[in-house]
Amino acid sequence: MSSELKIVNGRVYDPANNIDGKIQDIFIRDGKIVDSVSSSATKIDAHGMVVMPGAVDIHCHIAGAKVNLARKLQPEDHRLDVHPKTAHTRSGTGGVVPSTFATGYRYATMGYTTAMEAAVPPITARHTLEELDDTPVIDKGFYVLLGNNAFLLKLLKEGRKKEFKEAIAWWIDSVHAYTLKLVNVGADELWKGRKNANITNVNDNIDHYNITPTHVIESFIEAAHELGLPHPPHVHCNNLGHSGNISTTLDTMKAAQGRRVHMAHIQFHSFGGEVNKDAVSGVRSIIDYVNENENITTDVGQVMFGKATAMTADAPLAWMLRNVKMNKWINADTECESGCGIIPFTYQDHIYTHALQWAMGLELFLHSKDPWRVLLSTDHPNGGSFMSYPTLIKLLMDSAYRKEALSYVNQKAIDQTSLRELDREYTLSEIAIITRAGPARALGLKNKGHLGVGADADITIYTEEDDKEAMFNAPRYVIKDGVTVIKNHEFATDHKGKLLHTKPGYNADISQEIEPFFEDYYSVKFNNYAISEDYLHDHEVIPTHPKA
Amino acid sequence: MTKEATQTDAQVKNKKPVSKKVDPYEGKNIKIVKDATCTFCGCVCDDMELTVDVDEHRILKAKKACVLGRAWFYEHKVDTRPGVLIDGKEATFQEGVEAAAQILIDAKFPTTYGMSDSTCESQRVTVEIMDTINGNIDTTTSVCHGPSGMAFQGVGESTATLGEVKNRADLVIYWGGNPAESHPRHFTRYAVTPKGMYIPNGKKDRTVVLVDVRRTPSTPVADIFMQVKPGKDFEVLWALRALVKGKKIANDIEKQTGVSREVLDDLVDRMKNCQFGVLFFGMGLTMTRGRHFNSGALLSLAADLNEFTHFVAKPVRGHGNVTGADNVVSWQTGYPFGVNFNRGYPRFNPGEFTTTDVLSRGEADAAMIIASDPASNFPKAAIEHMKKIPIISLDTKDTVTSSIAKVRFAVSTYGINTGGTVYRMDDVPITLRPAFESTYPGDQEVLEAIRDRVKKLLSGKKARVAA
Amino acid sequence: MSATHLKLHTAPEVPLETEVINPTVFANLSQSGIENLNVMHGNDKCHLGDFFKVTGKGASEIHIEGDLSGVKLIGAGMSEGKISVEGDVGMHLGVGMSGGEIIVNGNAGDWVGPEMSGGRIIIKKNAGHMIGSAYRGQSTGITGGEIFIHGNAKNEVGSAMRRGLIVVGGNAGDFTGVNMLAGTIIVLGELGIRTGAGMKRGSIVSLQDAPMLPSFDYSCTYHPLFLRLYFSRLRANGFKRKIQDQHITGKYKRYSGDGIELNRGEVLLFAG
Amino acid sequence: MAETMILVPGRSQSQGTSLNEGKLEDEYKRVTSTAELNEKDMQRLKLKDGDKIKLKSDVGQTVVTCKGKKHEDLPLGMIFIPYGPPSSELMASDTAGTGMPLSKHMEVKVTKVK
Amino acid sequence: MKIKKTEIEDTFAEAFEMYGARVIITADTKQWARAAAASMTGFATSVIRCKLEAAVECEISEEDTPDGRPGISVLLFTMSSKTIAGQLIDRIGQCVMTCPTTACYNGLDSDKTVSVGGKLRYFGDSYQISKVIDGRKLWRIPVMEGEFLIDDRFGIQAAVGGGNLIIFGSSKNVALRASMAAAQAMREVHGVFLPFPQGLVRSGSKIGASYKNLIASTNDAYCPTLRSISKQTAIPEKVEAVYEIVADGLDEASIKEAMKRGIHAASEKGAMFITAGNYGGKLGKYHFHLHEIANN
C-alpha cells in the first residue's frame, strides 16, 4: 500500500530547482517526491510556512570511537542536558556530545535529515556503523581516515600509484565509507614515532617515507578523482590552529591542481600573522582563492561561543590545546591508521583568539561569492554544537543582530577583521543553499537537498518568523522519507534513517598486497577486518563514476 | 541481527573460511573455522583455528588458543538442561518470556547487570528494555574497571590500540595485573614478544617492567620487577608523578611503599627517555583502597609523560566484551555503566546506580542478570538481597545466580554458537565466527522476545514516559 | 513559629526522590497542594501525600519526621528558608543549595550538598561519602556554603571544592579534600589516608596527626592564627566539646601540597 | 591465636579454566577455597599445606584450605586466594561511591581450624 | 556663662566632615598590640601635613577581639573617602604587618568598605591565602614569624573632624592640668579620639600666613607672648598659657559628648576660660555651641 502526502500552500525554497519563495504544492508518494498524488493523500496545510528540503550536514562528528570517548568523558555535560524519551522516541543525553538517539532526534528537530560523520579510522568503522544504526531519523554516512595510513604511505613511497588507488577503493569498500578524509597528513608518524612532534611544513618529508604531505594530498585527490567518488576527499590541512597557517592552506588547495577537493572547517585554517605570535585573520586570501577556484568546496567550521569539544584525528593539535588549560585530555593512537585527540573546550567571547575565530568564520560566510561551495558547519562539536546552527543562521541573516553580537566580544579581535564593514544579509534562499542544496550537490547526493520530482521526501516546514533563530530552531513539520516524523513541533513517530556509502570498484588482487602487511603490523586478522555488507542495516549505495 | 546474518558477516568477501574434511577425525563431520574469535578474556584474539565436530556440537581443537581459551572452547559443549525454568520448573520459551516481562514491568526499580559475556547486539537490546521500562542498568564494568572509567572521566586518557603497542612500544609496564594467568596471550600477541614495525627484534627491543604486590607467574617475563607494599600503589604512582615533574618527594618513600628512591629514579629515567611507553594496568589498582584514584594516578602519570615522550596507558579489561558493554551503554545513554532510567532519561552515578549498591542497599525490586554470576562473587549483603527479589537469569551454564533465579533462561554461547560484534580491551570492534549451533537460543533472541513483550504490555496509555 | 510538618506514614519500597521538599516549592501551596506534589518512587510517579502526612502551614520552615534514609534529593536547589529533619536522610541532600538551612537530627547518606553555593547544612550524626563534593567528571565542587557534620564522614569530603567550609566533628575517610581548588575543611577527629591528593589551594585541618602523601612537604610547626576565628565560630555552633583551649592556642604542623599540582594548598595537623 | 593479615583475592589460571567447566562444579569450588600464604607465616602460625584456616572480616567469615608459597613469591602478612564464593563472604558492600567493593584488599583475622 | 569659676565663651567649635575607619589590632600580648598602634598612629596629628589623623580609641579585652587575644582599637580619619584606603594600606603595611605577633581586623561595620588586606596581600608574592570565615574574608600573608592575618576590606564612614576646645589657664601648669583632665575625659567617649600628643596641641593655628603659599600659621591671637603685638589678640587678662584639644569622632553626638565632658573636666581643674575655634561658620558643616553642649 502506498503512502501519499501533499504539502499545500507553503512558500517553497528549493534553490536547486530555482524556486525562491514561490507558493507551491509538494507531492509525496512512498518516500519520494512525485508530481501528483491521489485525492486521498494526507494533506499538510503549510499556509504561512516555509518549505525547504531537509538540511544536510556535510561535516560533523556524531558517531564512532572518538565520539564515544568524548561522550564517556563528559558526564558533567550530559547531566545538565537530559533528553527525555517521548511516547515515540528513545531517551538519551545531550550536551555538546549527545548520545546517539539524542543526536538523531535533535538533528531532526533542527530540520536536518542527513549528516555525515567526518572522520573514522577504518579499524573502528564497525563501531561507527553500530552507532549510526542507533542514530535515528537521519540518513548518514562517514568519511574514512586514510591520510596517515601506513600501508598507503608505503605504496606512495614506493611510487606505486596504481596499487595506491586500488587500495583506497578496497578500504572504502571494506568499511562502507562515503569518501576519504585526510587529517594533518604525515603528522601521525612524527606524533607517535618522534615523541609527540608535528609536521610544520607541508613540503618537508614525512619520517620514514621520503614523501611530503603535499605529495600525499595530491595523490589522494587524484585517486579519488579517478575512482569517480561522488564527493572528493575532505582535507583537514596541516598546521590547524597555528598563526600564519594560510600559506599551508593555500599550498594544500593548489595541490588539488584543479581537481575537486573539499576543504574541511576552513575557518581553522585561515589564520594570518606569524607562527607562534598572535594570530590575525587571514580570511581574505583564503576566501578569495576559494571564490576563484570552482574545484573547491568548503565548510566553514564556525566557532560559536560556549561549550565545544575538540575531537580530532589531529592528535598534536589536541595536545597543543591541552597545554592551554591542562584539563582532561584524551589521546588515542590507532594502529597504522590514525591518531586522535579530544579536549573539552569552551569558547569565550572575551578571549582574543576565540573572538577572532568567531569573527573569521562570519567573514568567510560574508565574503563568499558562491554559497553553493561555502557551506554551513560548526565542525560539530569542534567549533560548537550543531544545536547552535539556528543562532548562526540568524547571525548571517540579520546584520543588526550581528552588529549587536559583535559589540559584546573582544574588540581587539574584531579590529583584526573586516566584520564591522560587512552589511551583507543572507537570504532564505541562500540559507537553503548553504544548509541543503549546496551540501547535497557537493556530496553528489542527487536525491537530497532539493524538492524536485524523484528526490527523497526529506522536507522541513518552518513557521515563517522574523526571528530566524526561533524559526530555524523549531520546524513545525519534519518529513523524512515521506514519513511525518515531527508534527506540530512534536515527534509523531520514530524513524530509522539509512547509511549512505559508496562502492568504488577495484581489482581484487590488491588484497593480496594488503594481507601480509596486516599479518606483520596489525593486531587483528585481515579476514576479520573488512565488514560484510550483510552487517549493514538500511543502506544505499551512491554510485561512483570512475574515470576511464 | 539474525544468526544467519552474522554468519554471512563472518564470511568476509576476500577470504572465506574454509570448510573441509580432515583425516585425523575420520568418520566425524568436521568443520574448520579459521580466524575465529575467542571471547573469554579482553584480549579477544581473532586468530583461532577451530576444529569443530559438527554432529557432536563440540570443538575438538582450538589452535593458537591459550590455556584459558582452550578451556573456553572445549567446555562449551552441548547441554541437556532445560531451556527455561520458572521457579525451578520447566517451562516453554513463551512462558519464560511472559514471566520475565511481567517481572520487569511490575517492578518499580528493576535493574539489570552483567552483559560482558554477551554481544553488542544483545547489549543494545538490553539498554532498550531498560529505557522502555524506566529501569536501571549496570554492567560488570562496575566491579572491573569501572573505577578506571570514573578516573577517565576525571583526567582523560592517553591510549593506543594494541597494534600500536606491538609496532612501537619499547617500554612496557604492567601495573597491578597478572596477564600470564588472566590474559595469557597479552604478552605474546600484543605487547611483549611480538615484532612490530619499529620493534624488529620483538622482546629484545623492549624493556618490560612489572609492578605488583606479589610475585606472580607474570613476573619472569619482566626485566624489572617492582614490588609495592600492598595498598601503596597510589603512593608510588604519586611519587612517580612528582619525580617526573621534577618535584620533591618525601624521604621515607621506601619505608612507606617498599620501593626505594633509586628504583623510582631509574624507572622515571626509563619512562622519560623511552621512545613509546605504555602502562597497562589491572584490577590491583581498581579493587584496592583508592579505586578510581589509583587508576587516575596512573592515567595522569601517562599523560604527564607526554611532556617528554610518547606515552599511553590502557586498562587490561577482563571479560570478552566488557569493553563493548561500556561502548554500547555510552553511545545509547552518554554514560558507560551505572545508569538509571527511572525518570525517563539516563542518569549516571556510580555508588548510586551500580549493582553492588542497589542490591546491597536493598533498593532494586527485580533484577535481570545476563551472562554473569553476581550471586557467587558479590558482597554478602547484595547476595542476601538477591534472594529476596525476583531474578531473571540468562546464562550459558548453571551458576549460583541461575539457581536462585525465578526465571532462568539457558542460552547459547557468544562466539561459539552465536555471531555478532565484541570490543577488544582497546575498543577495537571484532566480529565473531560461531563454530556450531546450539540447541539454546542466543541471549539476543531471548532479550528481543522480552523487549517485544514488554513493549506490548506497556503500549498505549501504560507507556512509561519521562517524569 | 509557623512551619509545615511532614510525617512519613508509608515507608518507600524503593528509593523515593523528593526534590519538591523545598521551601520555595511549598510557598503558597495549601496542605493538599503540598500532598499533590509529584515525587518519584523508583520509576513510579507518585505524590508526596502517598508517603507523608502534611500538617501545619507556612513555607519558611519545613519539619520532617521519619526514617528518610531511602529518600533522596531533600532540599535540592533550596535557596531560602529552613528544613529540619528528625531521622536519617538519603542521598543528595541539599544538592545545588544556594541559601537557607537544613538540619538533620540523624544520619545522612552519600552526596550531602554537592554543587552547593550557599546556605548551611547541619548533620547531627554521621554522613556518607562525597560530602560537599563534585559529581563525577566535574572539575569544580562546591562554590560556597557551609556543611557541618557532627559525626563521621566517609571518603572524598569536599572533593574539588572551590569555596566554603566543611567541618567534620568525628573522623573523615580517605581522600579528604582531593583535588581541592580552595576552601576549608576542618576535621576534628582523624583523617583517613591520601588527604589532599591533587589539591591546588585550600586548607585541610585536623586535630589529629595523619599520614601524608609523599608529594606533600613539611614546612613548619606554628600557630595558625586564622584557626582561632574558625574555632570560635565552631564552638558557638555546637562543636564546643570537641574543641579544647589547647587546640585554639596550640601549634600545628603545616604541610604544603600537592607538589604535583600548584602546591599552594596546606594541611594543618594539630601538634600540641 | 588470631592474626590480622591482608587478603588479596585475584584471578588465577586454574580459576579461569575451572570456571569454564562450571561454577557449580567441584574443581571451581576447590580452587576458590584454597588460600596461599607465605611459608614463614605458615611456620609461625604452625600451619602446613592442606590445613584449614578460618578467615574473618568485619562482614563475614569463611573456612579455606591453606597452601604455602615461597617467601620471595608472596610478602609476609599477605594471603592470596582466587576469586569465588569464599572471598565474597568476606567482602564489605560499601563501594564509596564507585560501585566497586574493596575486593582485592581485605583485612582478615586468620585462625587455624582444629 | 560660667561653670564653677570658668568662663565659657558663647561661641562654637566648627567641625568638618572627614572619613573614618576603625582598626582592631590584636597581638599575643597587650604590649605588642600597643607597639603596633603607637607606630601606626605616629605622625598622625593633623591632616594638614600628616594627611591623616589617628589615635588609639581604646584597648579591647581578649573576650571581645575576633581572635581572643588582647586588642587595641585605633581610629584613623582622612579628609576624603578616596584617600583613606591608601593611608590604611601604608600604615597597616608598615606598622602592623611589621610588628611581631599582630593581626589586624576591621572594627567598623559599614556599607562602605575599602580594600586593605586585598591590596596588602600582594606583599605575599602569590603565597598569600584568603579565607572566608562566616562571610568575612581575610588574608593570610606569610611573614618571617608565621602569618600576618588581615581583613580583606575595612569599613569606612563619614565622620567628624576638628571638634575642639581652647583652654586658658592662669599659668602654664594650670592650663596644662585643666587641659589634660579635659583630654582624659574626652577620650573615654566611644568613637572619639584626640589626634595630638596626649590630646593637646599648643601650636594652635590659623588659616593662612603672611608668607605666600603657607596654608596655616601660628594662631597669634592666642599666643601670650604676642598679646601686645598681635592685632587680633584674644588673650584675656591673667592668662599665661593656652592649649587646644582637637577631637575627631565617628559622629556628631560623640563629639558633643566628648566636648561636654571636656568642658566640665577643665572647669573642675581650674581653667580660667574656655573657648573654641571656628572660621565664622564658613568652613565646616558642624557647629558645636559651647553653651548648648555644656548645658545638655
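To keep things simple, chains are lettered A, B, C, D and E as they appear, and every chain counts its residues starting from 1.
Basically, contacts are C-beta pairs under 8 Å (C-beta built on N, C-alpha and C of every residue); 3 or more make two chains touch, one makes a residue touch a chain.
As the structure is a computational prediction, the values presented were derived from the model and not from experiment.
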Distance in touch steps, counted as few as possible, from subunit D out to subunit E: 2
Third chains touching both subunit D and subunit A: B, C
Pair joined by more contacting C-beta pairs (C-D or C-E): C-E
Central subunit by CA centre of mass proxy: C
Separation of mean Cα positions, subunit D and subunit B [Å, integer]: 24
Inter-chain centre distance, subunit A versus subunit E - centres from mean C-alpha coordinates, in Å: 74
Computed distance of Cα centres, subunit C from subunit A, in Å: 46
Centre distance in Å when subunit A and subunit B are each reduced to the mean of their C-alpha atoms: 33
Touching two or more other chains - residue numbers and ranges from subunit B: 150, 153-154, 289, 341, 343, 348-352
Multi-partner residues of subunit D (at least 2 other chains): 94, 96-97
Subunit E, residues touching no fewer than two other chains: none
Interchain contacts (touch definition) - all pairs: A-B, A-C, B-C, B-D, C-D, C-E
Touching residues on subunit D, where the partner in the complex is subunit C: 94, 96-97
Residue ranges of subunit C in contact with subunit E within the complex: 163, 165, 182, 184, 201, 203, 222-226, 228-230, 232-233, 248, 264, 266
Residues of subunit B touching subunit A in the complex: 1, 5-6, 8-15, 17, 34-35, 37, 46-47, 120, 124, 128, 131, 149, 152-164, 166-168, 189-190, 195-198, 275-276, 303, 306, 308-310, 312, 326-328, 330-336, 341, 343-348, 421, 423, 427-431, 463, 465-466
Subunit B residues within the subunit D interface of the complex: 40-41, 67-68, 71-72, 74-76, 138, 142-143, 146-147, 150, 178, 180-182, 184, 213-215, 217, 227, 229-231, 283-284, 286-289, 291-292, 318, 337-338, 349-352, 354-357, 360, 373, 376-383, 397-400, 403
Residues of subunit A that touch subunit C when the two form their complex: 73-77, 79, 327-328
